[in-house]
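Comments concern the structure below.
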Amino acid sequence: MDISNYLYLSIILFTIGAVGVVIRRNAIVVFMCVELMLNAANLAFVTFSRINGNLDGQVASFFTMVVAACEVVVGLAIIVTIYRSRRSASVDDASLLKR
Amino acid sequence: MSILTVLELLPLLGTLVIAFLPKSANRTIKQVAFVISLVVAAVSGVMAYRFRSGTPGFQFVESRPWIAAFHINYAVGADGIALVLILLTTILVPIVILAGWNEAEGGRWSVKTYYMLMLVLETMMIGVFAATDVFLFYVIFEAMLVPVYFLIGGYGRGERAAAALKFLLYSLFGGLLMLAALIGTYIISTNQGGGTFDITKLSMLQIDKPTQNFLFLGFFIAFAIKAPLWPFHTWLPGAAKSATGGTSVLLLGVLDKVGTYGMIRFCMTLFPDATKTFTPVIIVLAIISILYGAFLAIGQKDINSLIAFTSISHFGFITLGIFAMTSQGLSGATFYMVNHGFSTAALFLTAAWMVKRRGSSQIDDFGGLQRVTPVLAWSFFIAGLSALALPGLSSFVSEFLVLVGTFTRYPVAAIFGTLGIVLAALYVLLAVQRSLHGETKPGNENMKDLNLREKVTIAPVIAVLIFLGFYPKPVLNVINPTSTAVMQHAGASDPAVKAGK
Amino acid sequence: MSTLATPILNYALLAPILIVLGGALLGVVVEAFVGKVYRAPIQLAIALASVVIAFIQLWRIRGESSTSAAIASVSIDGAGIFMQGTILVLAFIGLLFIADTDNFTAQASAIPGSAEEGASIAAGRQQTEIFPLTLFAISGMMLFPIATDLITLFVALEVLSLPLYLMAGLSRRRRLLSQEAALKYFLLGAFSSAFFLMGAAFLYGYSGSLNLNDIATAVSGSGDNSIFLLIGIAFLSVGLLFKVGAAPFHQWTPDVYQGAPTPITGFMAACTKVAAFGATLRIFYVGLDAAQWSWRPVITGIAMLTMIGGAIAAMAQRDIKRTLAYSSITHAGFLLVGVVALNKSGLSASLFYLVAYGFATLGAFGIITLVRDSAGEVTDLNRWVGLGKRSPVVATAFSFFLLSFGGVPLTAGFIGKFSIFSAAYESGNIAIVVVGVLASAIALFFYLRVVLMLFFAEPKDDVVSVVIPSFFTRIAITICFAMTVVLGVYPSLVLNMTETFGTFLR
Amino acid sequence: MTTSTHLVYLIALPLVSAALLLILGRLADKWGHLLATLVSASTFAFAASEFFAMRSRSGAARATTQKLFDWISVGTFKVDAALLLDQLSICFVLLITGVGTLIHIYSIAYMSHDRDRRRFFAYLNLFIAAMLLLVLGNSYLNLYVGWEGVGLASYLLIGFWNQKPAYATAAKKAFVANRVGDVGLSLAIMIAFAQFGTVSFAGVAAGAPHASSAALAAMGAMLLLAAAGKSAQFPLQSWLGDAMAGPTPVSALIHAATMVTAGVYLITRSNFIFDASSTARLLVVIVGTITLLFGAIIGTAKDDIKKALAASTMSQIGYMILATGLGPIGYAFAIMHLLTHGFFKAGMFLGAGSVMHGMNDEVNMRRFGGLNRFLPITAITFGFGYLAIIGVPPFAGFYSKDKIIETAFNAGGTKGYILGICALLGAGLTAFYMTRLIVMTFWGTPRWSRDEQHPHESPALMWVPMAILAVGSVASGFLFTSGNSMVHWLAPVVNPSGAEGGAELMKPIVVSLLALGVVVIGVAYAIFKYRTVPVEAPEKVTVFTRIARRDLMQDAFNEAVLMRPGQKLTTGLVWADYSFVDGLVRAVGFTLGTSSQAVRKIQNGYARTYALVMLVGVLALVATIWMVTL
């Protein structure tokens, strides 16, 4: 099976993630979409590492996972605070800062 | 240390002294400022005495590295043109301070601030004419605007804030264009072995025509805004209308000269070819300024904006003379700068006194002053006469030199220019009639005539106007060698006499 | 099956970062074990100390340069060290502002306006975690400009961003806005870093290595415009442009700058810019130099868009913090001019510009913290009217910072603009110089408009007062002011440094 | 060429005294007028001594020069401040100082009731100084200084009572009209410099033969324009009538005897230009002829005694200009008529002043009548002037005017006939309006009420000068013509080549008889027409009279063609300056402002929008990079 398909997959995932960020309202979901994009990148890394025949890409994906984990920590903290003070996790409700 | 540096430092010293005086000590502050400015004038006198006229090139030169990274130096020096303009500055400042003795009260800020700004401004005005490093010139050229901005906005009348902002934005915009051109010139110098901002070195550069035009415009527009030349003039009337008399004197009398000075010093010296290319356009602009300014002056109701528009007309003459590319035109233009300095000073100061006494700057609110305040009326009248370039007053000599110098190369332009002198008669005499003649208008009956201080202030100005009218030689002797040098560099020479004997 | 070699780390060269990190960790420990009363001073002491010590160490290694400090993943060189130094100095000043803990929420977890919050305010509690967070951010910022492989870059990016996301949400007053700022910053930041990562992946795919130098060789080796390379460049730049706040990736800036606690805004605006541009410069100068034909025109366009767009958008702002936010966008544009100049003077010009801009920004935001009424900071411009009459010194200082932003001669900003533009002109890119000039003209308008409001407009009745600045704040503002003046009048101090330090190790 | 070291005092004395009186102000009220008169008298004495000294010398040595200092020197443009007193200028110097002194004396009495008498005398001396500089300058530029100087003095004196708006306006009008002329002069000077590289009379004279005819014609035309402005010649004559707003002595000195004749001096002085250019000469004669009829016609319709005299001045100067246009021989006659005219016209103006003095400043002749019984001396002196101007032998005008008419005829061909006939016609008209003036003023029955007006003879201070001038108007003509003294005296300056007039068309005696004929007709018709004079000017009059009363519509013309369009242009420009030139600037600001508002719309606060924008940005980025690299 042609390895480049993995690339296409990662690109598709990435796109889905990106579109999701734009169209979904719920902060959690939006965040999940970002995670999806990160993982798409991971997939790309691994694939390329296979193509290039060295391990750097795979190492990279490990780093990414760790970083993603950190992001989750910080992100959920923020989202939860917002939710508590607004009783809503909708991104659109948080639109006082404008113009 | 060059005497020029001394001249620049003295006012700064004064600023420091004033800074340490208490806010309330208005009298002392004024006296200090006045004395300092007198000292500066005296020192400049010494400089003028030590100046070897008849020799072109810079004297009293001093150069020490400032920003090594860009080969920028603190470099000063004075040739004939710079010298006379510096003298103009140093003479006008004490006069302005004395004339507007009580101007600073009623301002938004303290008297202290006013005189500190004044002296800082004097330093910068001297510096801008003394600078022989283009970057130094530019820095002062721009920084100079700030004190003026605060002088207008802080101590002016009426729409002062808006006027000040417009003035500042307009000038800074011009300055930015100049910055681009300045950088261009610098880069070219780096490419041609050793980047430098030294005016003499830069004038040796070999720049191809298109680039020259591009750079020339950058400089010229900045100076045209400063000068101001039609159509870049619209900031001036507002500023003049709302500034105090003293500020207006320095603004139109000295600062705007930086524009025309820059045209000679930079446009012509750095980009001779481009100068030739653009001369026709500029001549036309100058002519338009002359007539346009005159017509609008006729149409003004406010005495200060009237004076402002007369200046626009006069700057047209100066520009005409500069770009006529004849020794008469160039020397005439330079001499014109000096005379215009003094005659506008006379106009603005007398006008300011009239306005202060009447509490209005509408020309029609005056009337019949001749009978009530003869001395004031006469001062204003004489100032007006110098504005219409009456023979026997110095402005005539310069205006005629400009015209004759122009005529030898561009007769048509000169003919249009001479129309300006008819219009000048109109706008001056209309103003004189409406303000000084006729029945004494109600509200003017018990105006006070000039007091001793004011007489002492205006007397020297008028004296200079008359003396230089009859004996311009001292000034012309200083100017001539420089203007000849400039012309040679620009590769121009006087047209030959038509009917040889 | 290759044997696993133990990594050789040159700790001397990495020390500055490690020191700051250590300080951060120490701070965490303090949070855990020290009583509430003592935390604030101790934390502050630790933070300041670690920054100072880091700087001293940095000074000792200022001459060094090596690519193998940490197995080719960072390269210590002049530019890197200079930028680290700049970050440390600016961070120090930033900490002095942050020290005024009155700006931060008493208890982040408490619901705004809840009884709980009231109680904690009454109890005078503080979220002293702000200090370790700051130190973490600083360490990330220090790593970002010297990182030479894509993963290190990504990690550094996150290390500097994550704390900032949190810090943005810690304002004491207007907490809803603050939290919203945090949310937006976080979501969009994550979004952009995803792009960064994807870009990194593609560059890796193109070059077969994560190391900038290898990528450089790969690019110069094969002149073909592989789709991998292009996508890599594009996505990578998105991440960077987001951080520097360049149009059209700038929109988070005004909202976050306005919502975040003002000291944090200042810290962000100054230090993040340095770090982000440090990385940007390194990536484009070192990694993608050979591929300039592909990215240079695009970045040029973005620079123009950013300069003009930022200036125009700022004109109509009514909130001083937003105004400064847009001004920082405009400056990002100017700095991009330095990036596309792509020559030595471009690099050193950018370095100088960053210093000048950093001090002015910190100073300006520092002053904003001082202008308050009963309900805290007042950022509505209409209420700043006539400030010059009531507190001339503060107003004068503020206007001076604005003039420096506007690039009026005899201020640091002017020298910065001059050097950036001359670098661009030197690279033959005259169009961008002209656009830049026009942009600064427009920018001048709104800077002067503020000055006008401060001094020439008649004050309104609803009184805003300038609080007596705390000791730290006063020092900080004084330093910024002094630097702005000195760099304006005698710029050689720093210019000579940027000349000598302005080199990337390839 | 003799060099002198004291010519400058001729100018310095009056100038200094003027400055003194102005600066000292009220302090000098007591004795100011005496000082002024004294100074003026001494200048006359000085001038006289110079004159006799000059006569004692011979040939080229007669001309005297004094170089004061080099005034302007830039490149090749070198102008000395230097004076030249030669046979031509001495005539003027004597006239100016002589008549000037007489008028000083007259004014002492005439202005005695005015609180600003000192200022008046200061102005008078300022005028004397400027006028002397005008005639003494040795280069066009020096002349120009005097030229505008007298303009200023005339402005000040016309507007002496400038609290009356009408008078102030008159003063302004005079100055501006003069300025128009000055444009001509300055252009002429520029041409001179461009052509000959110098502006001194000598230098230009030397170069004139080499110059192109076009240049000469241009310079001549410009000089003529200058002359027209100063000497109230067509088309710039309109200011002279209004100038009568000034005190009568001023009208006598400046607007009759001296300043207005400066144009004649200028053309005579520039004889080398006009001799070299027939075109210029033609223009001169045309202008002269038009003006002499123009003035005469206006004179016939004026009821204001001073305005009538002003009109006649205009016409008389027309004669002089005509003469100067008639070639080398004409200059002398022009100068001769100028001098005689100086005497009799000044005399008559003083007479008019004396009448006004007696009639509470009434100027309308219809309110005069039968005054000869009340002001006998005035009547007699005035009569002398009258006889002189209409040219009755042996009075001065007879000699001078007939010479001009004669030369006009001798111009030759149709041109000669036209000019001659016009000149004759003018003489007839002159006779008519002067007789009309005499009849209305001195003869017939009083048309003023006895209880309001108490006409009385003026004091000796006033009538003595009148008497002296009257004597002049009797004797001078004979003096100048006897043995062609004047012609020979001036020849070295104005006619170095010694050219003769054209072939005599008819014997001088015939011309004189013709002239006398028309004069008699004119006088007779006037006497017949004004047997009775209605107090109110009749309304039902021919359109010609109506036009003549309105100065032949000159003012109306100026208003319609210059003033109104000028005002329109001004207001238009003021408007345009705001809405276009400045409008453009404001437009830029506005555009930026609105676009700023537009940009703020995008910043709508929704994170998702920002993300979308970013996404679009990414795509754009990729797309552009793509395109760039293709």
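Read from first to last, the chains carry the letters A, B, C and D; within each, the first residue is number 1.
In this text, a contact is a pair of C-beta atoms (placed from the backbone, for glycine too) under 8 Å apart; a residue touches a chain by one contact, two chains touch by 3 or more.
The shown structure was predicted, so the numbers you read here are calculated from the model rather than taken from an experiment.
Trainee: Where are there more C-beta contacts: A-C or C-D?
Mentor: A-C
Trainee: Which chain has its Cα centroid closest to the overall Cα centroid?
Mentor: Chain B is the most central one.
Trainee: Please work out the Cα centroid separation of subunit A and subunit C, and write it as a whole number of Å.
Mentor: A distance of 25 Å separates the two centres.
Trainee: Mind checking the centre-to-centre distance between subunit C and subunit D? Centres are C-alpha means, answer in whole Å.
Mentor: 79
Trainee: Using mean C-alpha positions as chain centres, tell me how far subunit B is from subunit D in Å, no decimals.
Mentor: 37
Trainee: Rounded to a whole Å, what is the gap between the Cα centroids of subunit A and subunit B?
Mentor: 65
Trainee: Would you pick out the residues of subunit D that each touch at least 2 other chains?
Mentor: 600, 603, 605, 607, 611
Trainee: What are the residue numbers in subunit C that touch two or more other chains?
Mentor: 183-184, 187, 191, 195, 254-255, 445
Trainee: In subunit A, what residues contact two or more other chains?
Mentor: 18, 21, 30, 91, 94-98
Trainee: Show me, using the given definition of touch, all chain pairs that touch one another.
Mentor: Chains touch in the following pairs: A-C, A-D, B-C, B-D, C-D.
Trainee: Over in the complex, which subunit C residues touch subunit D? Could you list them?
Mentor: Residues of subunit C touching subunit D: 183-184, 187-188, 191-192, 195, 225, 230-231, 233-235, 237-238, 242, 248-249, 251-252, 254-255, 293-295, 297-298, 301-302, 309, 312-317, 442, 445.
Trainee: Show me the residue ranges of subunit B that touch subunit C in the complex, using the header's touch definition.
Mentor: Interface residues on the subunit B side: 66-70, 108-109, 138-140, 142-143, 146, 150, 153-154, 160-161, 164-165, 168-169, 172-173, 176-177, 179-180, 183-184, 186-187, 190.
Trainee: Could you pull out which subunit A residues touch subunit D in their complex?
Mentor: 18, 21-23, 25, 30, 91-92, 94-99
Trainee: Within the complex, which stretch of subunit B touches subunit D?
Mentor: 170, 230-231, 233-234, 292, 295-296, 298-300, 326-328, 331-332, 368, 370-371, 374, 378, 385, 390-392, 396-397, 400-401, 403-405, 407-408, 411, 414-415, 418-419, 421-422, 425-426, 429-430, 433, 436-440, 470-473, 476, 480, 484, 494-495, 497-501
Trainee: Please output the residues of subunit D touching subunit A within their complex, sorted ascending.
Mentor: 600-601, 603-608, 611-612, 615
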